[in-house]
Amino acid sequence: MSGGMIGFLGFALALGLIALGFPVAVAMAVVGVGGFWLLNGWTGAAFILGSSPFEAIFPYSLSVVPLFVMMGVFAARAGLSRSLFDMVNSFLGHVRGGLAVTAVGACALFGAICGSSLATVATMGRVAIPEMKRHGYADSLSSASIAAGGTLGVLIPPSILLVIYGILTQTSIGQLFIGAIIPGVLGAVLYGLAIVVRVRMAPHLAPPVARSTWAMRLRSIGRVWGVALLFALVIGGIYLGWFSPTEAAAVGAVGAFVLAVISRELTRQALKESVRETAALTGMIFFILIGASLFNYFLETTGLPAALIRLIEESGLGPTAVLVLIMLFYIVLGCFMDAMSMILLTVPFLAPVAAALGFDMVWFGILIVTVAEIGLITPPIGMNLFVVQATQPGLSQRVVVQGILPFILADVVRLVILASFPILALWLPSKMF
Amino acid sequence: MTRILAPLRALVGAAAVAGVLAYAAAALLTVADVVGRQISMPVPGVVDLVQLCVLGGAWLVIPYAFLTGAHVGVDLVVDSFPPPVRRTLRIAASLAAVVLLALVLRQSWEAFGMQLMFGDRSQQLGIPILWYWVPLLAGVALSIVASLLTIIDGIKPTVQESAA
Amino acid sequence: GTAAAQTTLKVSHYLPPVHGIHTDFIVPWTEQVTACTNGEIQFEIFPGGTQLGNVAKQQEQVLAGVVDIAHGLHGIPRGRFPRTSLIELPFLTDDAGAASETLWELYPDHLAPEYKGLKVLALHAHNGGLIHTSDKKVETMDDLKGLRLRTPSPAVSAMLTALGATPQGLPPGEVYENIQKTVIDGTVFPWDPVKSFGLNEVLKYHLDAGAYTVPFFFVMNERKYEGLSDTAKTCIDEASGAALVAKFGDWWDKWDAAGRQEAEAAGHTITALSPEERQRWRDALKPVTEAYIAETAKQVDDAQAIYDAMRAKLAEKGQQ
């Protein structure tokens, strides 16, 4: 049996276990270790078992995950997010779906600073979903808005994925950053449209509230100074060069804690629950990273990704057909891998193919990062879907998946637009460099 | 039974608190460095310290995620199965996790021994590698305990059902 | 004809597949061995970015037999190759060719004890590193005062501290954003990674200090090597050792030239350390060197002798 075949079977087996209700991380880890054992003997399996639990968590850039989660948990406990959503609601509450559109915008903004989809979803899910629920929004709409919104941040600089792509392909990181802005904003606008259309079709998903008076609005503005201060500090600090995006997570966590203390809402009980939430949510994310690392060891040695890319390369198809195949390939691969692993694993093989077809490498990089993120929200297995589920005890995966379809359609529209009009990614860089 | 199990649950909970405190330490150290470097008093080797706190913190909270069933899965198919089948599958998944974690514990112990033999230390401050591995190994061991606890919890309803 | 049974060897390294280490060195090396053995030995390469491309795991992977051959940095994790790492001490050498040959010539008598279980195929070291900064031009020791600089190794950290700068450990992939956000003022690197990490976009000044180097290993699992056919062993030996080591001087010059040309094209200021200033730095760094050797001597009795042997060899090659 060829390595590629074993790779396919491994995919199928992991999918089967997950369908049978195995936790995603456990299914990936079991198949990864078992498959690696089969292909490389016990020595190989022994090595990855002793290596992944350390190395998958060790990278410094991952420190944003627990710290931004803490920021989200404290912000929610302190009532910061409540006051924010009350304010938004006073302005937009009479517009159907207005809160969900705002949540997507907030995700894009937050993702822009944090750079990690998982951390964005974990943080904003904790902050925004209970608030939308309080205003009568259906779980399917609110959870899907957050899962989808979490994918937007990677395109808005700074973006660690674009840095990695730039290093792997020797493309200007500055041009990638600038070029990604319009596609990122386009993504947010299309998600907003998806919400508006969806809610028009099914109005019960987002009940409107009575239009607020200006007095109520002003009062609600008066209450959001805490959140405003926190966001201004975190975002402003990065742009003023006080701290790096990675360090911003720590500033945000400490800032949210201080605000929670000042607000006097951080009772002993609330503190206990904050600790519990942080522990459960980050424990689950980190264990998924370990499971994914074990699975990726296996996938890599099967040679499956490389074989699929060779298939694309040797197909003799034209640029458009190849581009479509590459997109499909990423969406399928996105079932199992986080965007970072996918890019590290495939871009070295794909970049020469793209260059040979005469693709502009800045445009191609932005497309690749966009499509790699879409894999995070496509069922049956999308990391963002799982993380958003984990932020709400009792939320079922079925409900999340029910709500995600309009957003996937919006992404397909975005890909078609970006693929058809490279100018959207290339116009800003041409003005700046 | 509960007399043996309650302290184990409490231990997993205490580890989770320690883990979150480690995260808090990472946050405070980073903020101290951000402020400190404005006045030429940066925290030396802050990256090393943050990595230690995050790695240690992560492994101390992972058992709690096992205990509380925070690990996400797909309920689309399973929901249509009858309850006894669902329970059996849940127990099978927990058993798979126990076997996996036992192998992880054994091989992590080996890897730790090897790095100890090499005398490994952190890149900038030279923190002994022991500091990283102790929370990791404790976390793996506690995750096994937590998974076993969930298996016991999973069996219990069956007993009640048969009694009813 | 009847072909001999094929063996596939796994090779791993931590650099991206666009890097010269991959394209100029490792891929041609594997092709040479495959051709020499008439196809008996095949290779599968795992570059940086793959799971097996973790910089900190290269030596362990070979020892554990997960891969057969690996190229890695002696300094990560730190302290595993105390003998070889003495080459990192300030102002020993600024020339990749001389440094690489020196390591290889000292290997049998002085460095061998720290390569147990490994068949050493080559050792090499990069050209003298520079101090690159974004906003603050550095020409003298006084200019370094208070600057936050990313450093690659404990030896370089000690050097920067002694010169008045603040060393900051940081993964190479994070250097770009930290310089861009002015969290650090610059970085210590040879020219080559400045280009591969895209750093010329955020840097403006480059001080050619030629103050330090960093060593690299290219090693094979010893048992695996012993188990190969005689033809395979001969072919690997022919492609490796002194013949391979001799190529690194030109290779590093080529890889570094690309980074320097990029900086020149962007109109950056490139300064060389003046001879008087160089002497000032040397004097200031003497205690650092002595302390580092004394520290190494706790693990390696003949640390001083190895350092002296390195100096003598390098002097023969016209260094210092």
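Letters are used for the chains, namely A, B and C, taken in the order the chains are written, and counting of residues starts over at 1 for each.
Going forward, a contact is a pair of C-beta atoms (placed from the backbone, for glycine too) under 8 Å apart; a residue touches a chain by one contact, two chains touch by 3 or more.
Please read all numbers here as calculations on a predicted model, not as lab measurements.
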Going by the average position of its CA atoms, which chain sits the greatest distance from chain A? C
Larger contact count among A-C and B-C belongs to A-C
CA centroid of chain A to CA centroid of chain B, Å: 23
Quick one: chain B and chain C, Cα centre-to-centre, how many Å? 36
Out of chain B, which residues touch more than one other chain, so two or more? 47
Multi-chain contact residues (two or more partners), chain C: 60, 170
Counting only residues that touch at least 2 other chains, which ones in chain A make the list? 46-47, 51, 60, 243, 247
Show which residues of chain B lie in contact with chain A when the two form their complex. 16-17, 19-20, 23-24, 26-31, 33-34, 38, 47, 50-51, 54-55, 57-59, 61-66, 68, 70-79, 86, 89-90, 92-93, 96-97, 100, 103-104, 106-112, 132-133, 136, 140
Per the contact definition, I'd like the list of chain B residues that touch chain C in the complex. 37, 40, 42, 45, 47-48, 114-115, 118-121, 123-124, 126, 129
Show me the residue ranges of chain C that touch chain B in the complex, using the header's touch definition. 60, 76-80, 146, 148, 151, 154, 157, 166-170, 299
Which positions of chain A touch chain C when the two form their complex? 40, 43-44, 46-48, 51, 55, 59-61, 158, 160, 163-164, 166-170, 172-174, 238, 241, 243-247, 293, 296-297, 300, 344-345, 347-348, 351
Help me check something: in the complex, which residues belonging to chain C touch chain A? 16-18, 46-47, 49-52, 54, 56-57, 60-61, 64-66, 170-171, 173-174, 176-178, 180-183, 195-198, 201-202
